[in-house]
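Shared between the two complexes below is chain A, which pairs with chain B and chain C, respectively.
== the complex of A and B ==
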């Protein structure tokens, strides 16, 4: 009956795509209802803690844990002597617990499982360790020398990873250049500072199978990487991902605390939770990779770029996580940001006794763009051009292929540059402020621009960059989507629900996303490389379309309207033309289910993006889409205190197509704020291998009152490969902001900063030195 | 064997009168808890282990609040930084206290942090101390002598003996800080290093007080924080300015003199060079602000 009444009306096509949709988890997070992994407790659970070396390079002469073992409440104390020599890590250079010698302050030399964290602390204090200091080396250039102390025994030298890419003839191209600029940049250590500190809970079943509650952002390969650290079969590991307080790349590898936690659980046959204190987090969590970048590049008088010749030296630290692999992405930017035919790049990582880096939002591109966008500004100045005009002169157009084989489909670089310049009156302000540099007055204004390129359609760094999706509809048209794509706070749940809602004509609230258990959800490579909306979004759309075909076929059989003429809207099967209702979706689902030829709507999809892994020559179209962003920073420098106040950021970014405008804004705002910290305040100060500022007092994050006015512009280039035309967007904002600020500071005071962050002291000192040398000259 | 890391607590007391508190502290084996924003951190990191008994003084109502009577301002030890921000009468009589409170920590910390705790913690970077020294404040101390409350007053300038160290004896309670309402025309200003507008431990802080009348500066006080083991008065810079004509390069000369009186250190927060540089910048700016602003 109800259906009949509805038949009189038509149902308009409505869309959620491009709308402002709150993340489904945001309410619980705001009111404190979310139970994060850090809050979890299992029955019978013990707590684990690690004794870190605290010294950068030493032989362990003696380690005595007997007093700790005797402490009541202690269930296990482990050292390297208690476990087989499990080796793990991408360079197979790491162990869960170190025996023999330690190579950096982080080194895990013993671990305790006890009834409480307090007992763990008391037990750690009872462990007696005697070290014999070894000569240590902290600077990669020093560590590269023949007579440098060896970090890893059995190796001829301290060299680790090497990369080379070459295209064309840089020598010949240099000869044709009118201007050659040669600059060296040193980018620093920063850390992710996730609000939820590192945490794992390990639990064995009686069969020896492991369940690990983890913060990982790559649950499937995580099993593969964790297994060798435990001497286990990866198939016996189940990964459950409770809500976490941030990752940003820091959970894209296995770090020693994870196998240590599992080994404690194995030793005690009890669940064990291991969680870092904030101080431990600052010292022991991965950092962003510091790099020394030597950049030599040329241009002709008219601004045509001729060549780039680049050498990067990476401080590998003591072990190898993703940090020293960032040249994969750095090289992409060096060879692809603007049109430059002749390129030579050499990158080298060298072991030192420093802590080591992992992946971190931007994955090398923050470092590369810092150098390249400042270098471009210097080049523009030398040519008497504005940054924007030099960039426009060399901006690629859609369809161009870069020297490393990236095919720039739907390239909106020129649009980004033009829009950012127009919105800020860039050319005029740049001239005006530069002219006022030497005028009297304590405050100086400046404007600066930076641009970058990043993969926006996944990154095929493994054999597969795919994502599995399973989708089912029940008798009430409620939809469950089981996806490999993890939710780590970035908002994929909302985006997938929007896409499925769009395809199936059911409300978002009727869609449940399941993605936190490796025993349930299908494979995915992980949340990284700005890939999840693109890859998992494509997967969800394809799965939804399969379900849609099945439903429309049934509705067509019943109504005799051809399936191509039917559509799904607002819970109804309708005639596409005019929106005339045909049958309710839940009703047709029930009819399909309880018929003579019963069928359920449950489909699956494995989406593999149309990209290819790089060859050994580093050539290959490794992403299914690429995107650009341009930022303009406006700053005010207090020339007396050296404080840089960022007044306004204007951002123009190619986002392909907006899916969730609220999520998009949040990602870009968060990215900008994170990048601002990199630019002006954040630095993990490491001296002689020791972290000097492992606390929020001295590791200075940007706080809310410092957030400048943000003027965000989205350019929709409609990717031919992305879901609904979308591109990945989350890393670019962090990548572009710091050099924009550096260029603005230069515009204000005429000083370049090749070594971020531009802290008040650094800026004040540079101004003072400039004034002193000027006074001396007069 | 009982697990007992050093500095654990055996006893907790929450007195409601000064007398009860003084008695609870009398044997010198107690730690005083006010807002706890220094104490709890220092106990947790082992810098100042608990003394066995924790005396929470927060329920002593008479220790909280500020009043102006007979030309004197008296601020109870438990008055929070938020209380100071919200105290209209105080803000009118001595605007520098609100100015300082506004640069202090975050809202959450301000709600807990007390002025007494800031003084007793005796950090050279304690912000509220700096303007109080410029106001030539005194602190009131109370203790139990076995039969009755004994009180004494100490000039704030004489109170600090080193980082975290004061002339206060074990068992003494700080009850209030007081100072004369500045005479008309006597202006006091505060400056603190950034770049954050809040949640920043001072790398350098400074206060300047003076009366500038008919082009002459009198009653000059220059106070510097975080540049010596205790907050200090820059006496020679003050002498240079006292009775001088506030024109020409006086501000610059006084600032230079003040920068010569400090003994800054190099640490992760700043180099001695930058501390010296900032001291000079702040003092000059404050003088210009007070005398020409």
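== the complex of A and C ==
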């Protein structure tokens, strides 16, 4: 069939960049066709279940699994006695199954594989365990003492990680300060509450090679971290990533249920699926790290910040996942949010007998910004300034370098502050509401602002922060992009398709993303640190440009038009000037393929961002870009019930450049609502090491009636290093919302909350205490 | 063995006759026995709405319903939610408005939205927010869900 060249005189450039593009996988999800890992069955598959200790610190005196082994339908029962002592985890302090003693309620002491989950449950009930209780410690300050019970034998104390960063002379800077504010914050436990509960399916082939179907959001390092828990070579592990029901950082490590599932599959030589119930999920999935933050900082009368001196104590829980490394990001916030040259930061993480923390969206920055943005508001009040003016006074400009060596290229902090203040009439409302605080009336309005900074161009916490991409075009100009970047619901499928479509002039529906099999896709660090659009987007763009060069060279040879005068648009090679069609892309691809010197378009790229790891002194430009967000919260406090109703959130965020406006909004809206839960309703209540609210009734997420009006504003600073100028965006909205709400609550009722969440009980009590002490004073 | 019961019902427009354990939940019948996994397990105690189906046109948490109670009823799951023209307009609207991220809660959310649209003639924007209260989502900020439903029903904010 002849090309319709004659009918087309000009093809204009159309772009999908910046447009509102639905996720390519969303249609399947809307019609119930997507098969999530939780939905999967393999032929011959058994089910696995774990017996958790349920006690926080105890010696196992006796464990008898004989009755469980005899139950019909049971294929294997494992305890620590049945396997070698496989040690895993970043601090090498964890084991898949615990023998000897248990250190928190989660501890896995036995596991069953059986024909059904019901038989597993029956078998677990037949296991007899006798514990001898040991003295336990739950408070990190207590655990830090010399005479505290030891959580891990052979250690001199309960500390597991200590960090220090210092810059300038804090003492001298304090002496020059007109105002010094000293405050202590205690931020709480929350958990990810992924809608799809934790799940793994393990399957061995006869050669002993493992295929694990996993929810992991870091498939390549996952292999490396899983291998020692199994006594395996990482090369013998293949990771397949079916669609999952959320992650938010909770799948950035190996947790014991995963090697336990594999050990059951090895013991039975059958595929085994192990999936948590919702109650198990609340108790056994990781948490955000609770931290006590002592923050002392000063300023001059004109608002110039002089110094910060910070001490943090983190409750690690019984084992070490990513939790205790969150100071890497906390320290960045303390040293980088606003200009402050003299900084001293000490962070310590200590073992306790509590369930242990992992990584969670924002990764320490949620905790640090909560303290710092409230502290800034207190400082502003002491100076008689508005938050926004104190922040503007100390806002960095493009090109500035922070004490930890972050180079703030394309810095839009001042723009974010100004826009957020202008859109909300912030200064006027702040004054108006403060003046009405003590006026009669049950409902009090308040407005509050918070700002934060986060890495927006990856984070070089590993030796490489790269992503591999393989791109091929077939004879029909259908493009397959094989990328290391995982999809966990965040929308990289849309972003990469848009970028490829832009570079190659082919429609999105002709692009297939393959990114769910470690045996196929090349290496990537994982979905974390708001890095995927930036890193994988750059990789995809570079790969597409290589393919583009190859196609244009062939078209140039055929048309005698120089390649630099050609472009790819709407499925055609065209002359850049005027858009005159030259040849259809699929046609030139076939001509290249079936010529005398045959060539296929199949290219690869490994993109490593221009960043550097932190040195031992914690200095280094560890991200290829940085970004800011400013939120303004407007609230109404019911002074009788203590309920904080959030009326409106105005967000101004530097996004670099919009790639997919729909996905960008979705990430920011979702991040705000998740952060709002942290602010006013969510808390995993842990008493004496026991999780007291492992269900949706008692762990209160924000649901639809509480969703405030959301007013989003994007600032496009055009990152010089980002794909099409984009920056990473996904964590900032969660980071910055809670202190904005806290500052708004203070504006409304004159009370500070240094210990979120601001639940009705807590707020009502604080109001009652304030009124009581005022009455007593009178 | 537990007692069994025979049930006759309509599932997504087709008549079905099954013999099931009397204690089986509707959710487990759909997911485990019929391999219809569009309906999700996320809590098993009626708190999250991920397992929402339509029973005689009304939304039900299938995790709290006995499969035996399907007998004589008309059941619609996310796999059967269709219009004469193809997909249900609610499904299209959720896609077009970008309401779907990980998507795990969305089958339940869409079923509840369909129930709201079918059973409330004068639904307001605030009313639909209230009507979706029982459906938990962890990815989205719900706003795109509201906008999708409002678009289908034809109400302004």
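One rule holds for everything that comes next: the second predicted complex is superposed on the first by the 771 of 778 C-alpha atoms of A that agree within 3 Å, B and C clash if a C-alpha of one lies under 4 Å from a C-alpha of the other, contacts with A are read in each partner's own complex, and residues count from 1 in each chain.
In this text, contacts are C-beta pairs under 8 Å (C-beta built on N, C-alpha and C of every residue); 3 or more make two chains touch, one makes a residue touch a chain.
Owing to the predicted nature of the structure, the values given are computational and were not obtained by experimental measurement.
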Inset, instruction - Please indicate which partner A:161 is in contact with in the superposed arrangement: first for chain B, second for chain C, both, or neither. - result: neither
Inset, instruction - Considering only the touch criterion stated at the top, classify A:764 as touching first (chain B), second (chain C), both, or neither. - result: first
Inset, instruction - Classify the contacts of A:705 with the two partner chains as first (chain B alone), second (chain C alone), both, or neither. - result: both
Legend entry - chain B versus chain C as contact partner of A:488, first or second or both or neither: second
Legend entry - Superposed model, chain A: greater residue contact from chain B or chain C: C
Inset, instruction - Could you look at A:697 and tell me whether it touches chain B, chain C, both or neither (first, second, both, neither)? - result: both
Legend entry - Which superposed partner A:645 touches (first chain B, second chain C, both, neither): first
Inset, instruction - Name the contact category of A:658: first (chain B only), second (chain C only), both, or neither. - result: neither
Inset, instruction - Examine A:669 and indicate which partner it touches, taking first as chain B and second as chain C; both and neither are also allowed. - result: second
Inset, instruction - Report, in rising order, the residues of chain A that make contact with chain B in one complex and with chain C in the other. - result: 697, 703, 705
Inset, instruction - Would you tell me which residues of chain A are touching chain B in their complex? - result: 71-73, 118-119, 121-122, 125, 640-641, 643-645, 680-681, 685, 692-693, 697-698, 700, 703, 705-706, 760-761, 764-765, 768
Inset, instruction - Sort out for me which residues of chain A touch chain C in the complex. - result: 20, 22-23, 25-27, 29-36, 38-39, 41, 192-197, 243-248, 277-278, 488-491, 662-663, 665-674, 695-697, 701, 703-705, 707, 710
Inset, instruction - Mind listing the chain C positions that touch chain A in their complex? - result: 31, 35-45, 47-48, 50, 77-79, 81, 87, 91-92, 94-107, 110, 129-130, 132-146
Legend entry - Touching residues on chain B, where the partner in the complex is chain A: 1, 3, 5, 193-199, 201, 268-271, 273-274, 277-278, 281, 285
